[in-house]
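The same chain A turns up in both complexes below, where it pairs with chain B and then with chain C.
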Partner chain A sequence: MKIVGIAACTSGIAHTYIAKEKLLRAAESLGHEIHVETQGTIGTEDELQLDDIKNADVVIIAADIKVGGKERFKGKKIVEVPTHVVIKSPKGLINKIQQDLGL
Partner chain B sequence: MKKLQLKKHALTAISYMLPLVVTAGLLIAIGNLTDGSVISDYKAPYSIPDALVSLGVLGMGLIAPVMAAGVSYSIADRPGIAPGLFMGLIANSIGAGFLGGMLGGYLVGYFINWLKASIKVPKWAEGLMPMMIVPMVSTTVIGLLMFFVLGVPIVWLSDWLTSTLRGLQGGSSFIFGAVMGGMAAFDFGGPVNKVASLFADGLLLEGVLGPEACKICASMIPPFGVTLAWIINKKKYTKQEADNIKIAFPMGICMITEGVIPIAANDPIRVIGACTAGGALGGALIMLMGVGSPVPSGGMFIVPAMDNPVGFLIALGAGTVLTAAILVITKKVPVETPIVDEEEEELDFSEVVITG
Partner chain C sequence: MKVIDAIDERTIDLSMDVKNKKEAIVQLAGRLKEANYIDDVDSFVEDIYKREELGITGIGNYIAIPHGMSDSVKQVGIAIGKTNNEVEWETIDGNGVKLIFLFAVSNDHEYAKNHMKLLAEIATKLGNDNIVNRLLETKDVMELKEIFSA
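And now, the complex of A and B:
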């Protein structure tokens, strides 16, 4: 699968980046292609490229708060979860999505 | 109810409010330490410390507006910001504090969504919708509601809460402190900590300083306790954990608990248990000894600005020792270096839905 994602937590200095790392590691170890943007208190980092969004099979939004720029994902399959889900079980989530999408 | 995502809206608002509270708090602390006081007459001469304290106090006045605007923005997107700020100002004026601000934010946010969905205007007037109709109508309707209806019970609730907490003596204050401290230490800056934190910040605005001191103390106990446990028995920690502890300690001095997360992630039950117990003890002692903090954040640097700083250090020390003791006793010597990709927890994904 090709995945794009956003991570954002309340304090915007810790869980955001942990969630990103977990998603990246899990996806790569399962052989998926992934790009994750962080929306921390410092602002948006590693902003998603339009091409990556266009080619993505699914958008994973791991956030405890409202994220910006959702209009970029118009017409995409979107999965929204709190950050703790991808921190605790990133592979489980990705596998579940893959199963549901039948990819 | 779940669809409404009430919690997400509150967390969004808190995330916008945090830098504001920290900055305002530190400004007040630095100003107070350098002998400043709030400027009452701007025509008379004033010093830099006076200016710092005043700026901090002005910033504290922004808490309710920013909370309200944050909640309302989370619900209604951009059109929510301006009416939300108004609701926060109302909350400040009628003495409904941050609770009133949050409530105003929810109401105005949902009202705006309803307006956007239900008002249809002719083509030529479409530009007026976001610029005038939506903000004006929502601010007026919910604003009047806040002034004349909702303000009354909220003020009553705020007053009741404040006077109850002010009146806490002996055993009940001990328990209150323990709950505050335990919550603040439980998830290292996560949602539970933020609830305790928000509560303490709100009470600070009402002039109740004890809970804020509980929060500060209990936020520093986890990094300090983990560090002390590591110093006592280094064998029980892997190289990676030790590296994390070396980062977590200086963060802890500045009251940033998040440094403990990687250590807790490696061994959640023991670390969280030990930290919560230490935080609870620290919080309880704070309330018992009547320690108060006029500043919501800043760690060791603001201890001199507190009421009863020695009591604060005693509570911090006791909590740290308890956390460290539990860790030293319960922690096992690692068999092998844990792999970075630790085992996953079993989660129920039945509520995870793919949309679009």
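And now, the complex of A and C:
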């Protein structure tokens, strides 16, 4: 699968970056391609590229707050979860999405 | 600046003798005070608990990441504590906590942005299970620094 995602948490200090790392490592170990943008107190980092969004099979939004720029994902399959879901069980989430999408 | 620059030996205690979460947070806050990162333990701890109310900070695998955005923070930093016994904490996997990363962050986000980035990098490393497992095993400050700088 090709995945793009956003991570964002309440204070934008810690959970955001842990969630991102968990998603990246899980996706890569399962053989998927992934890009994750973080929206934290230090601003947006690793902003998603339009091409990556265009080619993505799914958008994973791991956030405890409202994220910015969701209009970029118009027409895309979007999965929204709180950060603790990807922190606790990133592979489980990705496998379930893959199953649901039949990919 | 590198992650290792944000890790201050004065704010690390890898053998904490504490009975509960509150004691652990207060002791680590005390270290931040002594090392001049915060100017008041009580108000800092109060702000830590305000954040605790918004969502759990036990991220599983015996790790907790309490963090306070607080006016009492003079310098962005982190205190690291390892407890001799598992401490009860609200966690996503139902286990207790043995390793605590207490982030001290200013309310002014533009302030010390470089240091904020280092904290983000430290958090990133806590998303890596291999690193976490090594951190859980070490009892040595130098080794802990090495793990973070690898």
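Here is the rule we go by: the second predicted complex is superposed on the first by the 103 of 103 C-alpha atoms of A that agree within 3 Å, B and C clash if a C-alpha of one lies under 4 Å from a C-alpha of the other, contacts with A are read in each partner's own complex, and residues count from 1 in each chain.
As a convention for this text, a contact is a pair of C-beta atoms (placed from the backbone, for glycine too) under 8 Å apart; a residue touches a chain by one contact, two chains touch by 3 or more.
Just so it is clear, the model here is predicted, and its values are computed rather than measured.
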item	value
Partners on chain A (chain B, chain C) - clash or fit	clash
Partner chain(s) touched by A:Ala19 [first = chain B, second = chain C, both, neither]	second
First (chain B), second (chain C), both or neither touched by A:Phe73	first
Which superposed partner A:Asn55 touches (first chain B, second chain C, both, neither)	neither
Chain A residues touched - chain C or chain B, whichever exceeds	B
First (chain B), second (chain C), both or neither touched by A:Ile42	second
First (chain B), second (chain C), both or neither touched by A:Lys88	both
Touching partner for A:Ile65 - first (chain B), second (chain C), both, neither	first
Residues on chain A lying within both footprints (that of chain B and that of chain C)	9-11, 13-15, 18, 25, 41, 64, 84, 87-88
Parts of chain A lying in touch with chain C, wherever the complex brings them together	9-11, 13-22, 24-25, 38, 40-42, 45, 64, 84, 87-88
In the complex with chain A, residue positions of chain B that touch it	8-9, 11-12, 14-15, 18-19, 73-74, 188-191, 194, 256, 258, 261-262, 265, 340-341, 344-347, 349, 352-356
Of chain A, residues touching chain B in the complex	9-15, 18, 25, 29, 41, 58-59, 64-66, 73, 75-81, 84-85, 87-93, 96-97, 100-101
Contacting residues of chain C [partner chain A, same complex]	51, 54-57, 59-60, 65, 67, 69, 92-93, 101, 103, 105, 109, 113, 116-117, 119-121, 123-129
